Amino acid sequence: MLDLHGYGPRLLEGSLLTLELALLSLLLAVLLGLLSASAKLSSSRILRGIAHVYTLVIRGVPDLVLMLLLFYGGQIGINMATDWIYSEFDVDIFININAFVAGVVTIGIIFGAYMSETFRGAFLAVDEGLLEAGRAYGMRPWAVFRHIRFPLMMRHALPGLGNNWMVLLKTTALVSIIGLSDMVKVAAEATKATHEPFLFMIPVALGYLLIASVSEWCFMKLRQRFDIGFSSGGSSWNN
Amino acid sequence: MADTSIPLEINHLHKSFNGNPVLNGLSLKAQKGDVITLIGASGSGKSTFLRCMNLLEMPDQGELIVHGEAIGFKVDRKGQRQPEDWKQVERIRARLSMVFQNFNLWPHMTLIENVMAAPVHVLKMPKAQAREKGMALLKRVGLSERASYFPTQMSGGQQQRGAIARALAMDPEVMLFDEPTSALDPELVGDVLHVMHELADEGRTMIVVTHEMDFARDVSNHVMFLHQGLIEEQGAPGDILTSPRSERLQQFLAPRY
Amino acid sequence: MEQLSTLWQPVLSWMNGNDIFTPNTFEMYWSGLVNTVHLVFVSLVIGLIIAVPLAIARGSSNLWIRKPVWFFTYLFRGTPLLIQLYLAYYGFAFIPGIQDTWLWFFLEDPIYPALLAFTLNTAAYTTEIFHGAIQSTPRGEIEAARAYGMNRFTMLRRIVLPSAFRRALPAYGNEVIFMLHASAIAFVVSITDLTGAAYYIYARFYAPFAAFLFVAVLYMALSFSIQGLFKYLEKRLLGHLKPQS
């Protein structure tokens, strides 16, 4: 039996934290990606400018630097704000920037920028005539988006979304550096204590590969779902 | 007070794209049961005219009155003409169903889902009722067997008949057809025209942009010939198609005889 | 001239008045920059050299050649670089007795384990990029080479690889920027790279904005220079693929 020197349960907790972090970041990234893709396609020059600067900055700066900036800088920013509130209103507030929140926010912001490119391309790939058909029957803009634009767009976005998710999953390892006990952090601590790097790092590496395999399966299922009506499978008209 | 018995009335419509005038003051009045065909060379503005009727294109000037209800316009900050109230536009669009040249059936929905979508999401019809109604309409256009097929699994002619069923599901007061047979293989045109002929016989109000002169002659009661965004000649098909007065219409019709 | 000095005056006085941007810290940033560029450049070059034969092997018809390469890229692309770095760093350091051997001369300096991890990582990604490019060689190019009686090696060297490298250029440009960004984790094994310098200055002066924003701008400048370089290369080398207007 594998002897993990009592680190087994903590490794398991760490892997749960990795998963939670990854899923929450993905949610935020998809929302930000949809928003900024819409901004890039909007007619407002200001919105387009903001969205372009957003992706430009994210593409230029390492994930880790952004994370450190947000984690350490965010804390000081909030401290300055609460100090000011204390001196002005005599109200003492203490907000601690939680490493988990900093992690989710940073990873969400970073991958939101990558997703925005994915979604922008996917939105543009949807035939305008299909949206027009919806409008022509009096559908509200939201109904057109929900029933026509979004499902058709997702078909084009899924491959890019899948790639982004795989990269995002690995990026979560960076939160160990700002002190979150994800599975990498637990393995690093265990390694330092026991001097057995392979015993802890290899299972964690396998954990990432396992999550990746499971997600690949999920994405395959999703692709089938959004491919409905496009696949050559099923009966065809001339039989 | 406007006349509420007239399904659609359009007065002095103007439209230009990037400064190029396309429509130069077109008017039209569709009485109940009218079948009006718009003919003309490509670039004459007939499709743009049709697309202005349900505001897929925004006319620069002119009046649109649906059953006595005039659509209100305002001018936005950029000097573009916009509807005063989009809700009104959506309400009016729901009463004027359009059939497109490229069918535009939604590829991720089955045929029956395509037919049900607008009644459910726009008219808020219960799903079961929309399905029942949709099935009846598919039967009318001869597609009840294809209800659970996806558009990519059907021929162009079947898709267009499906699109007509989708338009009928809204119980439209006026049906707008934008060159419904132009994208079809010649042997499939007949089925679609047959369905349209039946609709006309039922007394539906239809406005049809088409290149099918036989349809214009046999089915419609009014033909408008457009040239450079103006009505060059109009009248009963028996008159203007057999003895065109203007030289341009004579030229337009000539190669066919 | 005079105007220039009046323009500079506020900047100079601000620089004299602050603790963070002093000659000392600039020296630190400079050595951080040197370390980052050194790390990234060396691992990219060695990784590239390894990746070419691996990419060819990856497309081999022999299962025993193809599968191990696939497995290598699968492992290194499927797990975080941070884990690979830890494995390289601790994996050697904790081998009993290693500190008494001549090897320790290399391993004592964390730069070598970091180079090892970075090199293998970029080799794995680059292998897949080249493999994809080789696979997408137009059939006609290969058939033409065959028709002229080229043997497999000549065909690979003269036709397939040159054409594949060009097609791989945009993706490889992204990989270079990715490596630059990924190298920021080097500071966790106590290498003072750019991020390490910023972290030190943050910790010393408790000034996260000055420290991290400054390196963020440096990284951005580096990234966009690399991007510009690859855009230029693409224009030079891929111009023939663009439709002529």
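Each chain carries a letter (A, B and C) given by its place in the written order, and its residues are counted from 1.
We take it that a residue touches a chain if its C-beta (ideal position, glycine included) is under 8 Å from a C-beta of that chain, and two chains touch if they have at least 3 such contacts.
Model, not experiment: these values are computed from the prediction.
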For this session: Quick one: label the inter-chain contact graph as line, ring, star, complete or other.
Result: line
Problem set entry | Identifier of the chain whose CA centre is least distant from the whole-structure CA centre | A
For this session: Could you see whether A-C or A-B has the larger number of C-beta contact pairs?
Result: A-C
Problem set entry | Greatest separation from chain C - chain, by CA centre | B
Seminar exercise, completed: When centres are defined as mean Cα positions, the distance from chain B to chain C in whole Å is 59
Exercise. Taking each chain's centre as the mean position of its Cα atoms, how many Å separate chain A from chain C?
Worked result: 24
Exercise. Just curious, how far off is chain B from chain A if you go by their C-alpha centres, in Å?
Worked result: 45
Seminar exercise, completed: Shared-interface residues of chain C (touching two or more other chains) are none
Exercise. Quick one: in the complex, what on chain A touches chain C?
Worked result: 57, 59-66, 68-69, 72-73, 75-76, 166, 170-174, 176-177, 184, 187-188, 191-192, 195-198, 201-202, 204-205, 208-209, 212
For this session: Within their complex, state which residues of chain C touch chain A.
Result: 74-75, 78-83, 86-87, 90-91, 94, 177, 180-185, 188, 195, 198-199, 202, 206, 208-209, 212-213, 215-216, 219-220, 223-224
For this session: Could you pull out which chain B residues touch chain A in their complex?
Result: 54, 56, 90-95, 97-98, 100, 102, 104-110, 117-118, 121-122, 146, 149-155, 158, 166-167, 170
Problem set entry | Touching residues on chain A, where the partner in the complex is chain B | 127, 129-130, 132-140, 143, 147-148, 151-152, 155, 226, 228-230, 234-238
